[in-house]
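Each in structure tokens, the structures are laid out below.
Both of the next two complexes hold chain A, though its partner changes from chain B to chain C.
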Partner chain A sequence: MSTTAGGRFAADQGFLARRLHAWRVWWTMLVICLEERLVYRGDFILGTLMRFLPIVTQVFLWTAVFGATSSGSIAGYSRNDIVAYYLLTMVSRAFSSMPGLAGGIARGIRDGSVKKYLVQPVDYVSYLLAARIAHKLVYYAVAILPFAGVFLFCREYFPPIPDWSTIGVFVISLLLSFLLGFFMEATLGMLGFWFLEVSSIVFAYMLVQYMLSGHMFPLDMLADIPTGIPGLSVAGLVRFLPFEYTAYFPAAVWLGKVQGAELVRSLLVETAWVVVMAVACRIAWWRGTRRYSAFGG
Partner chain B sequence: MNRYLSIFATFARVCLVRDMTFRANFILECVTSLGWMAMNLAFYLLVFTFTSEIGRGTGWTKEPFFAFVATGLIINSIVQALFMPSAEELTEMVRTGGLDAVLVQPLDAQFLLSMHRVDFSAFANGLVGVGLLVWAIPRLPHPPSPLALLLYPLLVVCGVAILYSLVIMLAAATIHLGRNQSLYDFWFYLTNFSRYPAEIYSGPWGGPLRALCTFVIPILLVVNVPARVIAQPFTGQAWGMIVGALLAALLSLVLSRWVFQSALAKYRSASS
Partner chain C sequence: MHNSSPSHPSHRPSEQPSAGGKAVLSVSGLTKEYRVYDKPEGLLASVTGLFHRKNRVVEALKGVDLEVGKGEFVAMLGPNGAGKTTFLKLLSGIITPTRGTARVLGHVPWERTDDFRRRFALVMGQRNQLWWDLPAAESFRLHKEIYRIETRAFERTRDELVDLLGVRKLLLQPVRDLSLGERMKLELVAALLHEPEVLFLDEPTIGLDVVAQHALHRFLAHVQAERQMTVILTTHYMKDVAALCQRLVVVTEGSILYDGSLGQIVDRFTSHKIVTLDFDAPPEASRVERFGFPAEIRGPQVILRIDRTRIADALPGILREEGVRDVSVEDVPLEEIVAQLFRSGTSDAAGISAPTGTPR
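Up next is the complex of A and B:
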């Protein structure tokens, strides 16, 4: 009896030590990536400020559209709402966009550099996630200045700050959008095991993503456009896809456009999409590495 | 001049042969750029489901606005096809020292560096632009006069010249900085302001922005002047605009030539 208990204790200790080691490896990867990203902080600030420029033209365009219509609201959005919406989608995109992720994975597969992750005791997907978190943390640390400046400058366009529970849901939706964006792009990159060159697939994805995520315009504007299926508008159809969670949804939560049961349903759908894409990413990695023939030196 | 034209024709022929060698890639590039354009057109169609005009009393109703969009497509596709690929290559040439080989050629360096690559797939958007223009012109509330139709190609060339000067000046910045990976980003953000009619820039912020983008960086003249001449009633006021566009094109070309030459004078080879 005592031998069995002792054995279990030793086994538990071994498990704990292994977990601790795994966390330490992950932490080291995170710190290395953080240091790597901080080298380019000047470039980051300039790049972030420039990214607000297209919004300036969109704001003037919508102001002109509102100027020409007699109604003060389009698809439930006032002119101020639209400005606030575009600015908030910038926050969503800061979480969900993954520049270079899919292309980087496919390049690693093509030139053979991915094989070092096959022989090292490091999980590739975890490494990519750590690298991306580091990338994002540095980005937020630097981008918070231009973001705060722009938001402060445009504060009169925003409705009053929502209650704490809405802010909480907003934060959760942003974190989920980060995971969703990561796993969607990582899965696309893993398609490189089958196609080698994924740039055209990534481009097609970006195209669909730009339009259907709500980055281009609030998705509520599609509510009156029929799909041909009775009772289903384009907006209704888009609601089933994962894209809206990477730009539209967090912004709509902050502006109070999604509330009550609809809010809960949307959060559940977003979580489900994260799980589906995480599983898809894992399957693509497992199956891909099995057929991988290690090109390059 | 004839010598330069025949050299350019050779460049274009070589690029066409290369594009046709990788035909699937060429078709894919055409399809992707058409995809972006179709998405933007869909967005404008969506905007017109909520309004009949962009800006009250501006005259930019659906058909004139699509003539404006078509003009933008034509001008941008010419620049993207003829000048952008070479300018992007220059970035790499400065870093690797490949620029040295160009400078010792018995030809004008600016000509060689800005026109040695032609991207034929970029013309796809321009062709759609021409199609859109042909669709829009008979539907315009004020049909363009023969004079407007004559002036239009000239003003399109002016727009191309202004954008070309901008590309050349950004490329000159590459020579100064040693490396400028965000050339394309700068280009995208700057030309973004030329995408819509100038009238949308009004109010306490829009007014100064419009003045800046008209008189300092004449990006607003690029599409607005030819589009206005063809899609809006031709009045006496239009002449001021036309002369302005011609002068802006000429000045931009001279200035960009000067900036590029002084950047080249400061170039220090990177190769051994």
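Up next is the complex of A and C:
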């Protein structure tokens, strides 16, 4: 407001001023996305409650499994551990899952509404991120009550609450899982620049994700399965893939299953994946829009 | 070339304005080819199409040249598929051309620099910049940030535009609840908030009723004149052109057929005027034939097509004719001229383009 010399826009802005402006735009986008999400509160409440259905069936399934075996534990998990694990992966998934993100991006490409982001001086990826954060914030605001209820109800399944540093790492792992999930699905959606329809690709991704993220079963159950490569189990291999960080890893952190050097290494691998996928997302956008400009539009 | 001091490449466009000095927009040899897949009918063809596709090159735009100066209001008129929208997409940087160059405000549009994108606006009839579920006021607020509009300038511009269009009371309603015409008005406000120097309008009046069309015309004419904004508007309604534009560009099959003023098009493409005679009673055909001009009899009314150069000589004789009550002399309606232009352009172009459909 004070010194905008060259007309309406400060033409010769420094790096800091430009960053500041980018943040203001981003913040406004976030607020507007929040307002937009709040339009659909009814839809949200229903969707949130529906999320608890699969977990109930999982608990029943594992109760049956434990009923059928004589030993009290499977791959180091007791029945209580299993229930605690599933509830915790639900928390992970609440951060890492991105319903509708890839499909929405691809739809925008197909129906042409993505053009807006070519014409206006805005960054599409930043916009998507703002929209998704808004989406999540509204979701948490609605979901916190049922989540709290379920955790309270199931509290005897859980081991004692871990120390503060573990809780801190747990929170970091959740935030990273949000970014990882976001950039993976956003990149997937941008394949829409090359393929008319990405829903089958997204479906395949979901399937792999479901198995390798630990959403289906705790991944350390794969520890004894060899890959054929000497000294490398399937669990060891999966550790270097991005998927487990979207469900298994935060739960394992809370339950104290990853500690010390392994914990540090896992966090580094996760961070590396976030960076890789963020870059991949940018590249996909950049190449995708070039292709879009050349062929269609 | 012998620039010894460290140069700032980003400043170059503004340092050397385009060749014409005043040209805001200059385009030369702009060509856009699309590859389209031809799918023959039938299931079998669909299956073989999975493995092998025949494609064909379609030229949406064929070497277009155009210069537009500051403050010009240009209408691009053409039938569906003439390449009007492709042209606007190229100028706003959504697509890249196959060949040719374009400069808008000194920028190559498809480089999509933020500096360029802050200085123009594109309104495409169906595509909305407005957020569907939110009131337009929210979208405007976002534009304020995106385009870095100062608060006071933003409020002043918004209030002015909103009052001109009489849509103030719509600002707080979710956009999805508005009618097509109301949405279009708010789209225009959104596009003009950052006071673009260049505005591209793709069929802004399509689907609107006469009242809304008229309101839009008045608004656009006013804002354009006041801001000295350069506007290119595509349309297939003559009404838009007549109400708004000094300059008319007629496009068919990806080429410019006519570029000039509205008045000149009449002079250039018609050799005759339309003379309408009202008789007391329907005249006999033989009487009308005696005038020696192509004629059409509609009850008591006779419509003659008379060569411009002969009007002055022929009229007195015709008026002396028994039973003529009234006479009017008019130019051929623009619609008719343009329709004729479209048709002729299509047949010409079809002859040229037939052998170019080579697969690549």
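The definition used in the following text is that the second predicted complex is superposed on the first by the 275 of 297 C-alpha atoms of A that agree within 3 Å, B and C clash if a C-alpha of one lies under 4 Å from a C-alpha of the other, contacts with A are read in each partner's own complex, and residues count from 1 in each chain.
Operating definition for what follows: a contact is a pair of C-beta atoms (placed from the backbone, for glycine too) under 8 Å apart; a residue touches a chain by one contact, two chains touch by 3 or more.
In this text the structure is predicted, and so the values were computed from the model without any measurement.
When both complexes are overlaid on chain A, the residue A:R24 reaches chain C alone and has no touch with chain B. Of the two partner chains placed by superposition, only chain C is touched by A:S293; chain B is not. In the superposition on chain A, contact of A:K115 is made with chain C only, not with chain B. In the superposed model, A:I32 lies in contact with chain C only, and not with chain B. Shared-chain residue A:I74: touches chain B; no touch with chain C. Of all the residues in chain A, the ones that touch chain C in their complex are 1, 4, 8-10, 21, 24-25, 28-29, 32, 35-36, 39-40, 112-113, 115-116, 118-122, 290, 292-297. Every residue of chain A that touches chain B in the complex is listed here, in rising order: 47, 50, 53-54, 56-57, 60-61, 63-65, 67-69, 74-75, 200, 203-204, 207, 210-211, 216-217, 221-222, 224-225.
Against chain A, in their complex, chain C makes its touches with residues 34-35, 89, 92-96, 110, 112, 114, 117-118, 121-122, 124, 127, 129, 131, 133-134, 138-139, 141-142, 145-151, 153, 174, 195. On the chain B side of its complex with chain A, the touching residues are 28, 32, 35-36, 39, 42-43, 46-47, 49-56, 58, 182, 185-186, 189, 192-193, 195-196, 199-203, 206, 209.
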